[in-house]
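In structure tokens below, several structures.
There are two complexes below, and they share subunit A, which is joined by subunit B in the first and by subunit C in the second.
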Partner chain A sequence: MNFNDVKNKDIKTACEESLSLAKASQAKLNAVVSFVEVEQQVKELSNKNANSPLFGVPIVLKDNVSTKGILTSASSRILSNYIPIYDATITKKLKEAGAIVIAKSSMDELGMGGTNLNAYTGKVNNPYDVNRISGGSSGGSAALVAQGVVPFAIGTDTGDSVRKPASYCGIVGVKPTYGRISRYGIIPYASSLDHVGYFTTNVSDASSALEVLAGRDDLDMTSSNQEVQAYSKLLDSNVAGKKIAILVNVQEAIEDTTITNSFNHIMNTLKEKGAIVEEVRMNDDYMKALLPTYYVLSNAEATANHSNLDGVRFGVREEGADLVEIMINSRTKGFSSDVRKRFVIGSYSLHVDNQEKLYKKAQKVRRVIVDELKTIMNKYDVIVASSSGTIAPLPNQKCGEDLSVSHLVAENHMLLGNFSGFPSMSLPQVMVNKMPVGISVMAKAFDEVNMFNIAKAIEEITGLENIVVGGDE
Partner chain B sequence: MEKFSKEYFRYLANQIMFDLSDQEIEELQEDFKTLTKQMELLDKIDTSNVDEMIYPFEEDTVYLREDVVNHEITQEEALQNAPLVKNKMIVVPKVVK
Partner chain C sequence: MNFETVIGIEIHCELKTNTKMFSGAAVDFASEPNTNTNEIDLGMPGILPSVNKEAVASALRTCYALECEIDPLIKFDRKNYYYSDLPKGFQITQQFYPIGSHGKIQIETELGKKEIRINRIHMEEDTAKQLHQIEGSFINFNRAGTPLIEIVTEPDMSNAKEAIAYVEKVRNMLYYLNVSDCKMEEGSMRCDINISLRPYGYPELGVKSEIKNLNSVSNVQKSIEFEIERQSKILLSGGQVEQATRRFDEASRSTVLMRKKEGAVDYKYFPEPNIFPIRLDANWIEKIKNTLPELPSERKSTYTQYGLSDYDADILVQTKEVSDFYNEVVTHTKEYKLVANWVIVEMMAFLNKNNIDIHKNPLSPQYLAIMVEMIQAKEISGKQAKIVFEEMMNGKDPRKVVEEKGMKQLSDTSAILTLIQSVLDANPQSIEDFKNGKDRAVGFLVGQVMKASKGQANPAMTNKMLVEELKKR
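Showing the complex of A and B:
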């Protein structure tokens, strides 16, 4: 489903159909935390912007996006009764643009995961093979777009949490520049890495959606003052003279030749169309350090961000003889085992004995990595690589050994976009045994125009546009 | 306290106000075997004379706004999600006994 499909229908009918599809797909996907009724929202459309690309479009919000009066659990037990008293800035923007929210989607608890296995409502299933994972942490949103329930869904991306599920589910996933979209009202994970992102089924919809979402918000002091560009008007797949860098560290770490061959075919075709395509290599040690650096920084930041979840002022409270016991019991029962274990990694990194040699070291390594990335990026319009080295795995199936390049590099290179804040997106690259794998495109900070344009050229080569699974089995 | 002992992990957890089961600690002990190897990869990178990177961009997006009241919520809204409320206050067990 895409934005035009909806425009050709009566809005109320389209949104009701979408909600019905979401409900019908729940047994298959388990992607929804809360369904949202559409009738009142459709009635309120009369005073909304009818020219917006999202006017009357049914959409899904990840369950860490605050929605006034609607459960916002971040797929965590401790927030399983939390009803926000305000809308996130993006909720407001989407409403003003006439989008109709039909559901809040499942995610890895508090965004902390890449599988969507760790949600309070259970595993989200991949629409192409329900035994496989959707990817995470924005798995519910990705699955619903890939199934054809909605043409647009919001996700968040701290360490590829939009782009990896997009790759596994065969859709477009965009993580714009850090600060491009306001994070006010988003339940955070790691503030120096968190981005709002989103899913669509084609690059054109992705480019117009950013026009709705982007812009400075004084309620989010990290949001940028940079001008929002007319991404959809500027969309142009002519790559003549465009400079494209292939990140060879990634391609070399991928063992599946169907993925590498199709990637090479795309690159050769871009060359034929006039693009200047060259291989670039990041320092191998830097690439291998991406994941451990991420573990240290993200878990440390998460530990601090979630210190307010204690069952005292909001959230699920457990009994205790005193205030400390209430907090400890609420947090012990409120967070899953996986999240508490991640918090322990954060606590370890922040411990006074480790602060210098681990936490500050990771912050310095981040700068070293980003400096090298910037040096490369300055010479090119975009850097490309396959988004993942495999199709969506089965639960608990490992993608390479813990210290192998197939795991550290092929599966985690999109962290570069979070470390640097550079815009990065994934779009479908190839089908492998009827399962999708994506290709990632990263551009300079605030150069989403080039990112979308080159992604559009790739989409024309692959032909993998508007592909959804469909059906309501 | 021995590093990576049961007591050590329980201490790290209690520092941030939660507890762990014995099984969770055993899983963490296993996880940390890999994690410490992965974290050692950071030591291969020379960071002498490098400043910590805190946020992606260092240009200012933060300023002091005028000191005027805005963006208010009501008391009812503030207490709406509180688990236990009495006389418009959040109730917890007695702190001073």
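Showing the complex of A and C:
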């Protein structure tokens, strides 16, 4: 489903259909935490902006997006009764734009994970093969868009959490520049790496959606004052003279020949269309350092960010003899063991005796990596690579724990976009045994225009737009 | 006593801003508990901090007043710990890069003048206020997020008198700067005392105790005196002082152990990722510097230039409202000394006697100026002025009082001379006495002239003229 499909229908019918589809897909995907009734929202449309691309469009929000009066659990047990008293800035913006929220989607608990296996409501299944993972942490949102339930869903991306599930589910996943979309009201994972992102089924919808979401928010001091551009009007697939860099470290780490062949085909076609396509190489050690650096930094920030989850003022409270015991019991029962493990790691790296050799070192490594990336990025319009070296894995595969070179580089290179804040997106590249794999496009900070334009050119080459699984199986 | 005392002081001071340090909620302690809070102060999931510019301006003013070096790149850090009065589970503070450092302030005690070095001034947010009752603990979040500055000295004080002089001087300065209401008894200003003993001449510092949260100058004094005695007893008996945090117990007038150093919390400080470093605009800083309110020391030097004694000048600047009043009066008259006398003696006595708050002082500065000018012009006597003053305290115009009570002094020389001649004519015996060297006769005759003038003759003038006339006879 895309934005145009909705525009051709009666809004109320379209939204109700969408909600029904979501409910019908639940047994297959398990992607929804809460369904949201549409009637009242449709009634309130009269005073909304009818010119917005999202006017009357049914959408899904990841369950870490604060929605006043609606459960926002971030797929964590400790928040499984938490109803916010305020709306996130993007919730407000989407409401103003006339979008109709039909569901809050499942995610890896508190955004911590890349599989969507770790949600208190259970794992989310891949619409193309329910035995496989959707990817995470925005797996619920990705699965619902790929299934054809909604044409748009919000996700968040701390370490490829939008782009990786987009790749595994065969849709478009966008993570704009850090500061482009307000994070106010998003239950965080790691503040310096967290981005609001989103899913669509084609590049054109992706470009117009950003016009709705982007912009300065005084409630988020890291949001940018840079002017929001007319991405959809500027959308242009002419690549003549565009400078495209292939990140060869990634391509070399990919073993699947279907993927490498398709990638090479796309690059050759871009060349034929007049693009200047060159190979670039990041220091291999830096590429291998991405995941461990990410692990130290993200978990350090997370352990502080989630200190407010103690069961005292909101959330699920476990009883205890005194305040400390209440906090300990609530946190012990409220979080999964994986999340607790991450808190321990984060806390360990911030410990006064370890900070220098772990947390501060990781910060330095991040800077060194970003410096090299900037040097390369400055010479090109975009850097491209396959989003993933494989199709969506099965749950029993080592998802994320694999420290082999191919995994470290091929499966984690999109962290570059989080480290640097550069805009990065994934769009469908090729089907491998009926399972999709994406291709990623990264541009300079606030140069979403070039990112969308080159993605559009790639989309025209692959022909993989508006592909959804459909509801009839 | 065989030991030298070494004292350093940390002052926490709540800033008098309209809104909180990182949220738009109002700062107002008088209002109903938990009414001046929002999702940010309550540490709800997803909130982000926005720095209060007015609080930064107040901190800058304090830095200038304490002659600190200013760091124009404002950075914040997280201090992590779990407590029920800290909703986020961390406090945003300036651990690594305080806004001000290397300052100084001069204090004066009976031992003379001394310079106290300021180690640092930094900004942070206050915690919520807790009330422990029999039925349970209550938390008022109105205070949560209130802007605070912390002023830390070097260990430059060596007795309770210096500590008190320092606290009072800083308190008065902050009050003049209008950055805080500095009410220690209400908790808007609190002191922590670091105190250690060492044998005289020893270069190394002894082991210190930190006494937390002192809420009055008198408790500062009592706790220091108690600690000196406690620590010297330990040292004299061959023991060792344990590094610890203590609190002052008012009931027993002693300091009580809170926690030992070994149990110290590791706050796991790290840079606040949600606030990018803020480069303060040089023009803005300059403007704040140039519009700094006049400080007590500056006012004192103006007063001594007016010819006031050090003692009088000190009394005037001790209370900003009194000094403000004085300054207002002397915009209307140049009789600086006389005004100071009336303000310090009569006005203060009246306010004290009638228990009137200085803010409700009924005396008009302009009327006082007029009255002082009348005294100086010998239009009324000092004795008459006291009556006029009483009436002015009821809001009456001194000119009216003088007129109504027929007080105007007779300064017309010819009129006085006529009276003198007739008195002399009527008292030949007194003239004889004067010639025989009996000075008392002059007093008698002046009294007669005054009587004849119904008390309105200028006594000094009368005396002078009378003696001249006597010599002529």
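We adopt the following convention: the second predicted complex is superposed on the first by the 466 of 473 C-alpha atoms of A that agree within 3 Å, B and C clash if a C-alpha of one lies under 4 Å from a C-alpha of the other, contacts with A are read in each partner's own complex, and residues count from 1 in each chain.
Keep this in mind: contacts are C-beta pairs under 8 Å (C-beta built on N, C-alpha and C of every residue); 3 or more make two chains touch, one makes a residue touch a chain.
Predicted, not measured: the structure shown is a model, and the values here were computed from it.
When the shared chain is aligned, subunit B comes close enough to touch A:367, but subunit C does not.
After overlaying the two complexes on the shared chain, residue contacts for A:219 are found with subunit B and with subunit C alike.
Of the two partner chains, subunit C is the only one that A:66 touches; subunit B does not reach it.
Once the two complexes are laid over each other on the shared chain, residue contacts for A:314 go to subunit B and to subunit C alike.
In the superposition on chain A, A:301 makes contact with subunit C only, not with subunit B. Touch criterion met: A:188 reaches subunit C, while subunit B stays clear of it.
By the touch criterion defined above, A:82 reaches both subunit B and subunit C. With both structures placed on the common chain, the touch criterion links A:74 to subunit C but leaves subunit B unconnected. With both complexes placed on chain A, subunit A has more residues touched by B than by the other of subunit B and subunit C.
By the document's definition of touching, of the two partners only subunit B reaches A:337; subunit C does not.
Across the two superposed structures, the residue set of subunit A contacted by subunit B and also by subunit C is 82, 85-86, 192, 218-219, 221-222, 303, 307, 310, 312-314, 323-324, 327, 347, 351.
Listing the residues of subunit A that touch subunit C in their complex gives 64, 66, 72, 74, 79, 82, 84-86, 88, 183-188, 190-192, 218-222, 300-301, 303-304, 306-310, 312-314, 323-324, 327, 347, 350-352, 355, 359. Residues 38-39, 42-51, 78, 80, 82, 84, 87-90, 266, 268, 270, 273-276 of subunit C are the ones that touch subunit A when the two sit in their complex. The part of subunit A that touches subunit B in the complex is made up of residues 81-83, 85-86, 178-179, 192, 216, 218-219, 221-225, 285-286, 288-289, 291-293, 295-296, 303, 307, 310-317, 320-324, 326-328, 331-332, 335, 337, 340-341, 343-348, 351, 358, 360-368, 370, 402-403, 408, 419-421, 445. Across the complex, subunit B meets subunit A through its residues 9, 12-21, 24, 27-28, 31, 34-35, 37-39, 41-47, 50-57, 61-62, 65, 71, 73, 77-78, 80-84, 90, 92-95.
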